[in-house]
Amino acid sequence: MTGIDIRGVTKRFDLDGRSLTALDSIDLSVPEGSFAALIGPSGCGKSTLLRLIADVFAPSEGAIAVGGRPPKAARLNHEIGFVFQAATLLPWRTVRENVALPIEIAGVTPRRSPEALIRLVGLQGFEDAKPAQLSGGMQQRVAIARALVLEPKVLLMDEPFGALDEITRQRMNVELLRIWRESGTTAILVTHTISEAVFMADRVHVLSANPGRVAGVVDVDLPRPRSIDLMKSPRFNALENSVRQVLFDDDTEAESTPERAHG
Amino acid sequence: MAERLRDRVSAVWPPTAALLGLFALLEIAVALGWTPITIPAPSAVAMEFGQSGADLAYHIVPSITATVAGLAIAATLAATLAGIGASWRRANGPVMTFGVLVDSTPLIAVAPILIVFVGGGMTLHIIVSATACFFPLLIGMSRGFRAVEATADELFHVLAASRWQRLVKLALPSALPYIFSGFKIAAPLAVLGTLIAEWMGAERGVGIMMIYAMFSFNAPQVWMTIVAVCLMAIGGYGAFALLERAYLRWAGLEEAPT
Amino acid sequence: MTSPVDTTVDTPDWRALPTRGQRAEARLAAFWRFISRVALGVGILVALWGGAIALFDVPIFVAPGPLDTWQAFVEQGDRLFGALGFTLTGVAIGLALAVAIALSLGVIFTLSAPASRAFMPLVIGLRTVPVLAVAPLLIMIFGRGQGTTVATVVIVGFFPIMVNAMRGFRSVSPTVHELFHVAGATWWQLLIKARIPFALPFFFTGLRVATTSALLSAMLAEWLSGAPGIGRLIYDALGYRDMPLMFAAVALSMATAFTIFGLATALERRLAR
């Protein structure tokens, strides 16, 4: 049981003494071994939600269960892999040393060596390179290898390819799907690109902003393994349009509500 | 490779030529008797190094000792205060205010009070030197202790790293470039602090040698001591600049923080 | 944005922007906070000082208490402020000269690439050395009057002003250059309408650095040369063991230094925007 269950989660932040609701009564569940995408406009709290699951923050209300246990237990048990938008590699460490960082910190002997993970993300031959010598896409591969090295039960990704160009991003998406299938983890991907969400996920959760709420859910019944060609199919476009519909509905509603209007 | 070498040569030759040109002009002006006695020919200063070299060596040893000791004391104090400021947010404001106060206090004003209490010897030289170089070290260290990126901090949190692991594997390596920068600026200031303290009174020291030379109107010797002080400052700066460069290269970081 | 569909929607800022009045209010509040913090610091310092003197029963010829110092301050105020005035005159003249020389050279170096290539590395190199070390030499050249003070302030103030001004002149971005070129501007127009406005914040930073080190330099020069400024007064008082006078002079020079620092910093903040 390593599915993720989110029940009635609200998150408020204190900003200059004012309380700001970032997430409002979120209900969401991700079955074990599945791939979920969170999509929404900026300010919808999708990154915050990801950090609540990773126990970076605690929810103000509600409960989160990772494999039936609180996130903190999962984190201390090294069951969570996290990939940030910026690769966040330590520049003074080589690729191998960066991938091995979680092993050093946990003080465990993993089943798969850092070298095996580096092969998995296709960086064999770059083990001794420093991050500054790698391209943005390669750096993000290292970050993914690092997130997977302890075979986490949950892989959380916060717009991991957001800083990459479109061509590299699509190539990385295909790679990520292959890596995910091989690792068998439960994955959550935060993104703001509709095609990426549909291409990657079994289920797309659409969030609306101010405060963040679940606006709708789109199930993606496309067969796996998926390839780039899939994007040309009418079914893919129909699913994209469903997601767009949920996003857009929310948007027009926002425009008509005076308190949310802005210049 | 060849291109880089050419770039370097084309960057170095104009200032070198300018400097040599100035020296030559000065040399000619002195030979023609156009300059006052206080401006000797560069060759006379160079010869002074040969004549009074042993004297200079005798005087420069305690100056170097005081400078190094002052730098070490200031660094220890700065590290302690910056550590307090970084780990206890409310202390940061007062720590910085204290740093600014120390920095804007005229050394010449506090030195006599120090003389009253610790006398005019090596202790005074070390304290004044430490005071002179304290502020850039404080700035460098506080910046360094804050240099950890927010996401790297989150990464270590998600990895369930201990405080110690965070310090050794993340905070310290991130802080070092800023600390080196602080030392780079502080080293020449420590030299200046020692010099000023020695002017106020010393038995041995390059500062007192300079004052003696001034009283005996020995212009080449004054110039020689000035050059020696400058070399000390450049040496300190250069040593930390080299350390910094070696570290940045090892750490895979591109540029020094400013 | 390279994504095919950009779903990013602009959302209103969570924190409304402060109004002009609120900003002024905040600035005033910050100012009072600063003043109260300084007052508190001075208060603590004076209390510690007085307490230590009383506790250890320090005789007045070693170190006076706050009251004795205040008395000296009141009794010999003319002498103290006269000396301070002498010093500040030297500082002001020196800074004015330093600005004039640094800016003229800065403009020349900006306009002449060869001059800049030849001399800028030397100027920057000289910044890493303690230029104050030349003070004894300046005494030999300028003698024992205000000339030495002025010369010392000039030589110490020159480098930060010049280097920062140069940095400022160079901070004009290539696109602005292209804009002026396309508009057919003369080099004079480029200087007045682009280079100088872009350089101003840098210039004020240099001026702040120069100003704050100027007082120390002037006092040091006076002390070495024997010119009748506050730096000399401190050491004369030390010489004939008039400790209350010495402490009063030290306190006055420190207060002056902090005031100059505060004014220069505030001015930089105000003008550099």
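Every chain is named by a letter (A, B and C) in the order it is written, and numbering of its residues begins at 1.
Here is the rule we use: a residue touches a chain if its C-beta (ideal position, glycine included) is under 8 Å from a C-beta of that chain, and two chains touch if they have at least 3 such contacts.
Because the structure is predicted, anything quoted here is derived from the model rather than measured.
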Greatest separation from chain B - chain, by CA centre: A
Two chains joined by the most C-beta pairs in contact, as defined above: B-C
Centre-to-centre distance between chain C and chain B (centres being mean Cα positions), rounded to whole Å: 20
Mean-CA-position distance for chain C and chain A (Å): 51
Rounded Å distance between chain A and chain B, as computed from the means of their C-alpha atoms: 48
For chain C, residues that touch 2 or more chains besides their own: none
Chain A residues touching chain B - in the complex, by the definition given at the top: 51, 54-56, 75-76, 78, 80, 82, 84-86, 88, 90-92, 101-102, 104-106, 130-133
Complex interface listing, chain B residues touching chain C: 11, 14-15, 17-19, 36, 38-39, 93-94, 97, 100-101, 104-110, 112-113, 115-117, 188-189, 191-192, 195-196, 199, 210-211, 213-214, 217, 219, 222-223, 226, 229-230, 233-234, 237
Touching residues on chain B, where the partner in the complex is chain A: 149, 151-152, 154-162, 165, 169-170, 173, 250-254
Chain C - residues contacting chain B, complex: 37, 41, 62-63, 114, 117-122, 125, 128-130, 132-134, 136-137, 139-141, 212, 215-216, 219-220, 223-224, 231, 234-235, 238, 243, 246-247, 249-250, 253-254, 257-258, 260-261
